Amino acid sequence: MLARTDADAVDYGRLIEDRRVHGSLYGDARVFADEIDRIFRRGWVFVGHESEVPAAGDWVTRRLGRAPVVMVRAGDGAVHVLANRCAHRGTMLCWQQRGGGRKSFQCSYHGWVFGLDGRLRSMPGRSGFESAAGALDLARPGQVAAYQGFVFANQSGDAGPLDEHLGPGGKMLIDRAVELSPVGRLALGAGWIGQRVASNWKMWPESDNDGYHLAIAHASLQKAVPGTQYEAALFSPELDNTSQARDHGRGHVELELRCGYDRELAWLGTTRDKVADYAAALERAYGREAADRILWDGPPHALIFPNLFLGEMNLAIVEPVGPGETIHYHTPLLLGGVDAGFNDRVLRQSEAAMGPASFFLPDDAVIAERMQQGLGSGRGTTDGWIDLSRGAGRERRDAMGRVGHVSDETTNRGFWQHYRSVMTARA
Amino acid sequence: MIGLSAAERAEIEAFIYREARLADESDYAGWEALVTDDMHYWVPFGPATYEPGTRMSYINDNRTRLATRIRQLLTGHRHAQTPPSPMRRMIANLELLERTESEYELAGNFTLYELSAQATHELRLWAGRATWRLRRTPEGLRLCRKVVELVNATEPQPTLAFIL
Amino acid sequence: MLARTDADAVDYGRLIEDRRVHGSLYGDARVFADEIDRIFRRGWVFVGHESEVPAAGDWVTRRLGRAPVVMVRAGDGAVHVLANRCAHRGTMLCWQQRGGGRKSFQCSYHGWVFGLDGRLRSMPGRSGFESAAGALDLARPGQVAAYQGFVFANQSGDAGPLDEHLGPGGKMLIDRAVELSPVGRLALGAGWIGQRVASNWKMWPESDNDGYHLAIAHASLQKAVPGTQYEAALFSPELDNTSQARDHGRGHVELELRCGYDRELAWLGTTRDKVADYAAALERAYGREAADRILWDGPPHALIFPNLFLGEMNLAIVEPVGPGETIHYHTPLLLGGVDAGFNDRVLRQSEAAMGPASFFLPDDAVIAERMQQGLGSGRGTTDGWIDLSRGAGRERRDAMGRVGHVSDETTNRGFWQHYRSVMTARA
Amino acid sequence: MIGLSAAERAEIEAFIYREARLADESDYAGWEALVTDDMHYWVPFGPATYEPGTRMSYINDNRTRLATRIRQLLTGHRHAQTPPSPMRRMIANLELLERTESEYELAGNFTLYELSAQATHELRLWAGRATWRLRRTPEGLRLCRKVVELVNATEPQPTLAFIL
Amino acid sequence: MLARTDADAVDYGRLIEDRRVHGSLYGDARVFADEIDRIFRRGWVFVGHESEVPAAGDWVTRRLGRAPVVMVRAGDGAVHVLANRCAHRGTMLCWQQRGGGRKSFQCSYHGWVFGLDGRLRSMPGRSGFESAAGALDLARPGQVAAYQGFVFANQSGDAGPLDEHLGPGGKMLIDRAVELSPVGRLALGAGWIGQRVASNWKMWPESDNDGYHLAIAHASLQKAVPGTQYEAALFSPELDNTSQARDHGRGHVELELRCGYDRELAWLGTTRDKVADYAAALERAYGREAADRILWDGPPHALIFPNLFLGEMNLAIVEPVGPGETIHYHTPLLLGGVDAGFNDRVLRQSEAAMGPASFFLPDDAVIAERMQQGLGSGRGTTDGWIDLSRGAGRERRDAMGRVGHVSDETTNRGFWQHYRSVMTARA
Amino acid sequence: MIGLSAAERAEIEAFIYREARLADESDYAGWEALVTDDMHYWVPFGPATYEPGTRMSYINDNRTRLATRIRQLLTGHRHAQTPPSPMRRMIANLELLERTESEYELAGNFTLYELSAQATHELRLWAGRATWRLRRTPEGLRLCRKVVELVNATEPQPTLAFIL
């Protein structure tokens, strides 16, 4: 809304080449402001999953970029995404991560009451107001839509249909996560753990989907816990490893581990006899063949651009805070229609894999911080370029998009090419 | 502490300060020697008012996972602790919560200063309440349960790759 | 002084409408810089009251916007406002809140000595200097003037006379505060308590003069302490309440509580027999009728634009620190010519009403912080508008200006319209 | 502490830690039960070297005003403590300043960690020196005076709507 | 690299006059960014001394402006200055102050290995890469050169030869430091102590070379330790004092204390009999006359523009962190070819003179912070000018450049005139 | 502390808390009266694992230099401590490291809060481990060595013109 000419506009076309990008994109305040506007305000971003608010009156708070919203289930079962900002004078309405049992939201400043659908219900001293009904309801993003319970929003309202944003690749990835449930439902009720990192947000779409760093960055895990699912699919030597890196287009990228697994249920670190009930439920639901496939394939390891990481049995949200500050939130991918023991196992695995005290993410976080430091923390300048060329020459295309070796930067290139198209198209 | 003899108090304080010092100095082998085979180490998300495992915790280690954690730290390749963070813990307001024939349960508040020497070089401050459950064994006092409730446990945390 | 073109100028005319203002005005760094320049450097701001420096050599430090000054009483009794910055190399001269007994200011860097009137008195190694006398005196604001002991300053020197800035409304408000003293003098010697708030400074002119929020924002006070002066004048239901909101023009706005009081001395939470000495002194000084009026009316509750809050028996200063950071200082309105018991009572009331641990201000502060969070803390962007329409339709004009119901946003509209005129006129 | 028997020391420490814990957990009813009818609670502006009431203090509560303060907190509408701030206090360097027939005066330094959960979600740190005056009553030790001198008491403070 | 027009360019020609400079130059973020670019990126800056990395595999980390570099000695004895940033994705390679025994640098992200000369040696999964050899070596500054073991670098590569930057004055100053060693070698192995100061970096070139502040700013030292070397050369009254202030051009300025000393070895606070071995070694090396001169003159007290302070028996580096934040590092000037007792004495003197807990620097630091506060901490604005006129009228020229009384601002004028020429020429 | 009688413990704690209080209140004359003639005061750069004097330390005061330091502070012209910083120290986790016939060596962790009242008005936090060597003299316990290892001693420090 503030007037701004383009005198000091950033030339994204020049800073992002096919095989390298400029380091200044990670630390500059103007770039960050542009991203918040062009990607997080004018594009689709993931908000939350409907199963996080199972009952009427349940709510969670989130950010669309930096703009605070609340996702809430109304009495009629509808899930709304509302500005977390009173329609009167802007006071934040909900200041906790989550809650439940609400019939309405009351503002602490002058006591206006809003329904769970955002409608202004009442205000003290009604006679002082003349505004038309509806003019003082809570603001909401221009577009809100859900796919398989995954709620996305776009603030500006002109980002085109969600279906187009997800594309066949994005939907397929989400489908693969949901299909792990014999009843086709997720049940994300275990809460989100946040990790604060002194790096730019883009380190996370990158490293979450980087198949090249495992053997070095996570060497301590490999040594301390030999025999994880990643042994064959990610740790094994380049030329033995049959996992793939995929660019599904629109910024959605994947490390396709299922082609690298050496056994079924590798992704859960278990065997069929240990989760016999689950396997049986899948078979009942989908038939033997599909169940076998699901038990082999497991969940996707993929980015839904820009902020949702389908991290195998975790979901993660990347929240940009500032040019050099990001929060990486995750929750275990708990499933509907499975026995409690199965979900316990997922939760235990999630505690081990992600979060500030886990066995994986701390190393990624420190490396992201080192990368931020290396590139200049926003206070200085750098002339460095970031190389993205790995595997560019051996990449191929198939029906789903571009595909490379799992250790290739096909994923990063996919991310950056979409980033470039968004940042230049919405200039 | 009320309910303890002066000698018991001195012994328990010495144990707790020693545990803290070993953790301060990233002496994980020494630290691990202080815990029992059924040790439970829990860092809940928010107050410790829920059953661990029913929702996400920062850390919810049974003895096996705790051993893995230490093993990982000792590989020499744990980037998140390369080099180990210089740390110092302060323990205060110790209260005896319970004593049984063989065990003591104590709680106190703590501050932990950590120099994040791996990348940002910030001095980080961790603060909260800790509960120690100590067991008298033939080898002396041993730690069988530690619960650490961070004051700001509901907020996103920086990397926590050491043992609190 | 730094050259700056208007390529990225903010269009204040567009962001401030009569009945609403844009939320970005509370968090943007450029807006804050403009305010520091146009309002706090090129306009009149309150500095302090002469009674804070009763004796020669007494001094207090303040900020004109962000520029540090010292207000000091010289040996001849004159009160000076001087740049708190050595004329040689800019070193701050006074780094405490207040002090006394000074004959001069000596700089800690090279030892230059300045008189309490800012004149350079001496310097080590005089022979190294050739500058003309006077060229190296302490800088001072372009204009400094006092009204009833209230000292105001304008840095740029071209803001017109103080008399015009205050206008009849501003002077009347100050007169009403001073007239509470039987001898027409204030004695502000109890010190200032500062509260640091993570909000923009404008939340404070707004909320300090908002008659609509009491029953909700201060509900806990109403419950814990029933029967305060605000019961009739502010807490009572909209249509029973006869207090008024006033816009005196030039940004000076008032909640006129005297028309809502249900008894005399309500503003002091007491009755005439408890302060018989004071009442008698007033009567002696002003006559019976005037004394009765004063005992009923009490002190004003008003803003002198931009930074002085006449907060009943308190004075408050709003100090802008950054787009999302403000300090709210207050001191009790101690009176000259009254018995010590009276001023003790005022001080006790002030401790209860204002400051970080008081019964009122903490709730306002947390709400201001929620408002800042809701609007975006300067790191993000918001598309939200702030509604200011309450009572716009039932407002009327009288000889003193616009007047509305005490719960109406007449005060906020008055603030913002003046803000708009200043921000556009001084662009 | 010199001048106290080991039992007295344990009793006094237990009292002070309990008082701190009740404050930590915003248990105002429990906290209020620990104070006498003539309790004085003072948080001066700067060092406690002036007569309270002669110039502004952050807090200068006689028993009546302290009761009001707690009553306000317990209304459930004190926005500045909605929700109550998670807090933890650390008390250290306890010294006995004076003992009379029925009273003990102690001083020590403290740190208080507060998560400002109402809006900013910052971890705030309050630090300084506290003086406790304890009275031996038939119901046990009770607090009759508490003075809290913040290290930075001369600087503007954030919201302080709880009891230090 | 980020596009930037000059719409909001700062007019340095106007803000820097011959006898005064504008206070806004100390706190403005744009000025700071310009300095990082024009002075610290496009000019020569001091990196370190070769004797800090005596053995192959020894390294230290530094900043060129804000850009992290590592200075390392390779196996062949060559000293390299390399970007401390992996050539792949920018991850910082060394995150400690110093270390040794390295054969190579391995990146923690994907494990690339770089030689001590910055050449890419190996990478995991080589088959994924097609880049030409050399394309993925570590970046290095455009120019790196050493004079007497003092290593300087220029990032942009177009700053002309180092020889020209140092000029005869800079080289003479360095020569005088080196010549203190009977073998003409420094041995800077005692480590650097850093002091963090809430001031702009320019306070340090100024105050380190300000001969006017001693008697006031360091009065406590003079009182507590009467009879130091500074008694005659700096503390004594203006007209008794024969020390000189010099501008050698190119921003290199000096307080020439040797002409003010009243005895030989004043600079070491000792007499010849206490350091007989050292005196004898000098005589053996240089002959009696030269040795006598060296023992009288001692080390230089001078700035090598912009960041190296030859602080008598200390070396100091000024590291700009932000507009209002600087680190001042120092190390004792340990000499090669002297007995251990001599260097012990130098180290002990250094502990007393510099660093956060020393007898001198804390006072300078607090004064620098007061200056920053007086001028406005970057959040506000100031209209103040800084006076630089002292002694301008009695200054003279000799073969080495301009020379004035030691208490005159000849040094500051020299600094600022060079600053102006750089800031305007590289606009 | 194990190895000390309750009375010794009380005496030693009282000494250490008193030393801290005198430092807190910039009572340098009082503080200096607590130290021996051979006092050594060391604040190393990094851990105290090197020989002082072999590389740079923040502070490495023999008794003479310590006297100079105090003399400078007492001139009234030490700008870096004008006015003196309001301070409060917290000492915790005290352990007895060694006792000889006449000396005790103790170590503990500390926090020091300092209001930098001279210019920036920040509340600064200093934290680390301190080692005290106390000697029993005819005048009572005296401090003959103090080593202060800051947690972040390898990082640039703000002005440190007082005694830690």
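Assorted remarks:
Just so it is clear, A, B, C, D, E and F label the chains in written order, and each chain counts residues from 1 on its own.
Following the convention adopted for this analysis, a contact is a pair of C-beta atoms (placed from the backbone, for glycine too) under 8 Å apart; a residue touches a chain by one contact, two chains touch by 3 or more.
Just so you know, these numbers come straight off a predicted model, no measurement behind them.
Fewest steps needed to get from chain B to chain E, stepping only to touching chains, is 1. Common neighbours of chain C and chain F, listed by label, are D, E.
Chain centre most remote from that of chain B: C (centre = mean of CA atoms).
Averaged C-alpha coordinates put the centre of chain B at 28 Å from the centre of chain D.
For the pair chain C and chain E, the distance between mean C-alpha positions equals 47 Å. Chain D and chain E have Cα centroids separated by 50 Å.
Within chain B, residues 6, 79, 90, 92, 111, 117-119, 121, 125, 154-155 each touch two or more of the remaining chains. Counting only residues that touch two or more partner chains, chain A has 7-8, 92, 95-96, 108, 217, 366-367, 370, 373. Those chain pairs judged to touch are A-B, A-C, A-D, A-E, B-D, B-E, B-F, C-D, C-E, C-F, D-F, E-F. On the side of chain C, the complex with chain F involves touching residues 92, 95-96, 108.
Only residues 43, 45, 53, 55-60, 65, 68-69, 71-73, 75-81, 118-120, 122, 154-161 of chain D touch chain C when the two sit together in their complex.
Contact residues of chain A toward chain E in the complex are 7-11, 14-15, 22-24, 26, 28, 30-31, 206, 212-213, 215-217, 238-239, 366-367, 370-371, 373-377, 379-384, 386-387, 389-394, 405, 407-408.
Contacts from chain D toward chain B in the complex involve residues 6, 10-11, 13-14, 17-18, 20-21, 24, 86-92, 111, 113-115, 117, 121, 123, 125. Of all residues in chain E, those touching chain A in their complex are 1-5, 7-8, 33, 36-37, 41, 63, 65-68, 83-93, 95, 107-111, 124-125, 127-131, 136, 139, 155, 321-322.
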